[in-house]
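In the two complexes below, chain A is the common chain; its partner is chain B in one and chain C in the other.
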Partner chain A sequence: MAFENTIDVEHPIHDIRSEAIKNFESKGFPSKKDEAWKYTSLNSLQKVDFSIFPKEENTLEYSQVKKYFLHEIDTYKIVFIDGIYSSYLSETTHDGVDICLMSSALTKPMYQQVMDLYFNKVASKEESLTTLNTAFSREGAYIYIPKNKMPKKPVEIIHFATGNEASLLLQPRNLIVVEENAELQVIERHQSLTKNEVFTNSVTEIFADKSAIIDYYKVQNNNAAASMIDNTYISQKNTSNVSVHTFSFGGKLTRNNLNFFQNGEHINSTMKGVTILGDKQHVDHHTLVHHRQPNCESHQDYKGIYGENSTGVFNGKIIVDKIAQKTNAFQQNNNVLVSDKATINTKPQLEIFADDVKCSHGCTIGQLDEDALFYLQTRGIPQKEARALLMYAFANNVLQSVRIPELKKRINKLIATKLGVRLGFEL
Partner chain B sequence: MAYTEEELKKELETKEYEYGFYTDIESETFPNGLNEEIVVAISKKKEEPEWMTEWRLESFRYWKEMVEPEWANVHYTKPDFQAISYYSAPNKKPKYNSLDEVDPELLSTFERLGISLDEQKKLAGVAMDIVMDSVSVATTFKKTLAEKGIIFCSISEAIKEHPELVKKYIGTVVPQKDNFYAALNSAVFSDGSFCYIPKGVRCPMELSTYFRINQAGTGQFERTLVIADEGSYVSYLEGCTAPSRDENQLHAAVVELIALDDAEIKYSTVQNWFPGDKSGKGGVYNFVTKRGICEKNAKISWTQVETGSAVTWKYPSCILKGDNSIGEFYSIAVTNNYQQADTGTKMIHLGKNTKSTIISKGISAGKSQNSYRGLVQVNSRAENARNFSQCDSLLMGNECGAHTFPYIETKNKTAQIEHEATTSKIGEDQIFYCNQRGIDTEKAIALIVNGFSKEVLNKLPMEFAVEAQKLLEISLEGSVG
Partner chain C sequence: MLKIKDLHAKVEDKEILKGINLELNAGEVHAIMGPNGSGKSTLASVIAGKEEFEITKGGVFFENEDLEDTAPEERAHKGIFLSFQYPVEIPGVSVTNFMKTAINESRKARGMEDMPANEMLKLIREKSEMLDIDRKFLSRSLNEGFSGGEKKRNEIFQMAMLEPKLAILDETDSGLDIDALRIVANGVNKLRSKDNAVLVITHYQRLLEYIVPDFVHVLHDGKIVKSGDKALALELEEKGYDWLKQESAV
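This part shows the complex of A and B:
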């Protein structure tokens, strides 16, 4: 609790923290006995003795890490090194919009009003890992876009782990508020630079006011010693439009808890994901869309390609409340297993209490079409490339809705690399 | 008759299940409660061999260690297991002397279901004339079956007459400690059916017919064991479309199916137990464990029509152990008023080239909750496994709920799995179209529901399909969305 000593106990956050600590103490880490964690075990992580705070401040040169940025275009950047804000690598702004730090938002009086309205309001007060974050997080991104504004460029939130600590626990906490008719694009990335173990338990709260538009891209291409639990909570109001794209290629264990709460009418929520896994990787996508008001839509489309010893989990839950008539909720989960040792567990779940709704989910597990493969081979494309091409095509729908062209290109390249082929032409 | 929505609602409210029974029955009943002595006493009463008594005791000891499962999406007051009497000898005395004494409401339901007069008497518990057909029919059936070497009798009889078969197979598909209710059933099962089809024999009749005439008062802890030896075929039907009157609140049955190499078992269930009144009072709790195992090239097909019971908890499953084996599950679950159903299936693919099909249709009306919960598991050695699942829900009215919880676990890259689920309501335009053609709203709904359920109804044995169709109509009467 050393952290508690460094802040003002009179601060309203103090109460929220103490309560969160209490909750975490009573619940502990989730185990496989919890229905929501049936297919994902945290045992391997609990064995490691993580240090909660780095002992010293580490720095990085821009040239060392340039490749992890979307350097082709100009962006706002909020960069953290081992959990500590790096002003040197960052580019924040207060020009009409606030793109800055959680720590300053928590302490400076000028943000007090926004914090009171939004901080810890949509994040779960029950879920143990979220409360762990609430209790101990001390840094993260704070983005506030006032009415009718749109930042000139996308925002990148990047967390680097230098590996100077043998094993590090990071708990970033982000708050994003987009007011009426405003717009925002965010790219989030976590990158560990060495083989030392890193465990990230991140919580992001996103509020989309009336007619707000938010595009959120999560790039998960960490190295094999990094694990992450991402908890994202999104609250939407009337006619807002929020989309979250998750690209999971790296990391040892990744768990994405993505929760949408529709608190208004005519809302559109989109969740898309591409997962390509190799040896000993584990990715668990856990989505929830809670339709609380009538006339809303939600779309989910997750594609997975699982190789070697990897394990993929998809658990998508759609709840439609009694008053949420005229809801359209769609969910699609397609998976390809390319190895005998790979496992996929999927559980698309519908809980529907309203009668005038259109809800459907579809889920497939299968292989690449042998005929298509043969066709490509007859046209002189080697089998390996043909496979990659087909897999690329399989994942492609999800990429189509990416609205930052440079990012789309980048993801394309990542997919090609992950599939282990040089196609010899630009995809 | 043209109904307005108001009138229909009224009718729905006043429509009650009026078939509870009130007559005094002379029966021998054990004191309430459950302990080892009771288990031994049940076994003694049935004159069972020692191994069976031991088996029951073992189950009872497992049961004591277990806790009632809570994961299902149903809410009810848990039964007090010490307040139940675990043995009640079947009542021999007829409840009525002639059909005239029987509740006319019940008779009209029979009529609408198209049940023959003799059967009506039997089902209503009317004393039967000895000369009447049913006994001789039953005897004829027995003769035909015996000629083919088919054993079909009560499980108590089988324990006495064919202990080697029972001992070999009982508890092999549903182990004693499989789950809370299975353990309870293994300890105290009152009676049930046993069926053995010898090698290469095709059972000449639906075992249903026989069953309907003869099986009565099997009690609340029913145990069924069906064994189809190599290359044999049997179609078995349990339950009845007729509303079933039963004073037992808790039903915990266990059904085990064993399909040896190249055998095929078709098991159909129609369940229409008392669902409770319109305010959700009373009604049967139906906690059933049903499972079948398929050896090489074998096939098990489950078909169920569930319209009754206040709370249903039931997952007929297939273990596809042998190569090229096939599992099928076709289900219609209808819930109305305060009924709750959590039902589905498990398809465990172990062998190569195994196939499974799941078609589940849920219809919820009133204030009911209807859940589909299923598991498709492909193990690492199950090459070329194939599964197709489809779960459709139909909602009628805005106070009911439909839920799906499908689990899909695959450990083999050659697996091909498809899962689809949809939830919708009956379209106003569909009803309007029917109204336009002179079909009243209620009929129109019946028509649409029938169309919705057709895929499953088609799988029922012929004469039953007709009855089941009518049953759906009756179950949903007055629940216009």
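This part shows the complex of A and C:
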């Protein structure tokens, strides 16, 4: 096919790509007949004639897009414009750690050892959209943190879509390897700058070696013409600690497939989400935690506020293997519907084969607490503001575990703006 | 200041208040005592404007204005404050931010600008010191994980910040040890003036040793069955509430 003509077929990942495209061709796009896609339809996206590569290289001035960066603090930046790396907006490093590009990692011999060990090793070889990404994987972020290292600052991975193409398909591919006792913080964001259609099918592989600590933050506040499938695969070893926070406020259709594989003992995996939707927005969170070894923990806390005609899905799957005794798995999904027309489908899915485990799950779909509302009103807060404040509090509570204070503040403000809250205090 | 005239109120189909008459003037402290289920907390909620209670007869008047169609927040803006028996926990909003919102919303309702930040901080410092409240406490989520005593102290802190004309203290003494009770009562006493009034609702007369009432009313089965001065509270303490049942049985 055309894509293969543009690249080196002798390349070591040529075989991986060929196998992936074969798999995708046999499976095709998932449909509502697939249990995992029951509530999320990709039909409308398949009707669009997407450009796979932009016709020309597009540029952006920093001043145009500054607000999308966490500019309050210094960060490493890996920035893409319409899928193409922008060295002008980026700040990469090779100073003791590698924070750079997938395209380099795929082609330069110095990265081959790491690539052989990790590339496409935790990503699914079955799931069709993941294989589609694998088949076309060319660009994205490559982060390698060697043993005992910690980058001086967080890393921002940002994808801008300029809208110069009428409709654009992006398939970023990220690989993140954090070795023993090393640490990393990442903020990922996808931002479309016009009303032209963008469809992103992203795959991120994350490897946390022994005692590694990784905090990953996904800021999903894209505009109404942007859709996104996020496939994130995380493999953890002994006593590592990985958290993923997903803030879903924007976009037309967003599907998050977040998969944790615990390949060691005393591992901690944390998944947190805040979803605030309106209009006809749709967000689908599918989480999977596979407890494969004893003495590990997982914590999931997803909160959603759905207004207007928005729809949400939460499907949380927890698998506890027979040998994974003393597992502690917690899952919580709480939702507030603020419109009669909004819907949420929430489903815990537990497959527990060990007998000495603690697993708890709970989901609620409700209105706001009338007693709390009355309490706020008696303090002089009008009902409309009191409702907004309660929703703010409900969502904001998830942010306690965000370890970058400036990001926490940003998200807090986004939540307040999204809910139209005049908080009466500075954040 | 507050006039309650022949007040009847029900929740769902159950009549709880069955004709209450009560008048509070500025500068006065009234206590309402009574056994469990007599309607004390309902009375407090009705004055504060809780919607689930329906007034079927009579009414509540504040500064000669019928409050029937007045929302709880508007009552707060007029100067009515209710200290809750069970303050609601609101994780995710700190005590300080909650107070800022409350004060600025009240100011907005009165056509005033937001309180300047330094003035707000000064006020918070002053009032929290008065109630012996730790600074760390103020940055915690509102009522979340607070002990019973902390919750009540926080209620009085809010009252001190909002400076109401009428403060209703619903079972403020429950859950307080003697030291906390003293601090809370001192706080209330410091806020007393010739311009405001306090309505203390309590099961026991213990609190009334510290917040000394001008009048004591006994509520039983939705009606005030006896009124007197502070001596009545002592009498109740001695005799308990059983005599009420006997009297009403007669």
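Convention: the second predicted complex is superposed on the first by the 425 of 427 C-alpha atoms of A that agree within 3 Å, B and C clash if a C-alpha of one lies under 4 Å from a C-alpha of the other, contacts with A are read in each partner's own complex, and residues count from 1 in each chain.
Here is the rule we use: a contact is a pair of C-beta atoms (placed from the backbone, for glycine too) under 8 Å apart; a residue touches a chain by one contact, two chains touch by 3 or more.
Source: prediction; values computed, not measured.
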item: Partner chain(s) touched by A:A224 [first = chain B, second = chain C, both, neither]; value: neither
item: Chain B versus chain C as contact partner of A:K322, first or second or both or neither; value: first
item: Partner chain(s) touched by A:Q367 [first = chain B, second = chain C, both, neither]; value: first
item: Partner chain in contact with A:I344 - chain B first, chain C second, else both or neither; value: first
item: Which superposed partner A:I21 touches (first chain B, second chain C, both, neither); value: neither
item: Partner chain in contact with A:V357 - chain B first, chain C second, else both or neither; value: first
item: Touching both chain B and chain C, residues of chain A; value: none
item: Chain C-facing residues of chain A, complex; value: 369-372, 374-383, 385-386, 389-390, 392-397, 423-426
item: Residues of chain C touching chain A in the complex; value: 48-52, 71-73, 75-77, 80-82, 84, 87-88, 90-93, 96-98, 100-106, 109, 114, 117, 141, 158, 162
item: Complex contact set, residues of chain B against chain A; value: 71, 378, 380, 393, 395-425, 481
item: Residue numbers on chain A that touch chain B, as the complex places them; value: 35, 39, 322, 325, 335, 337-367
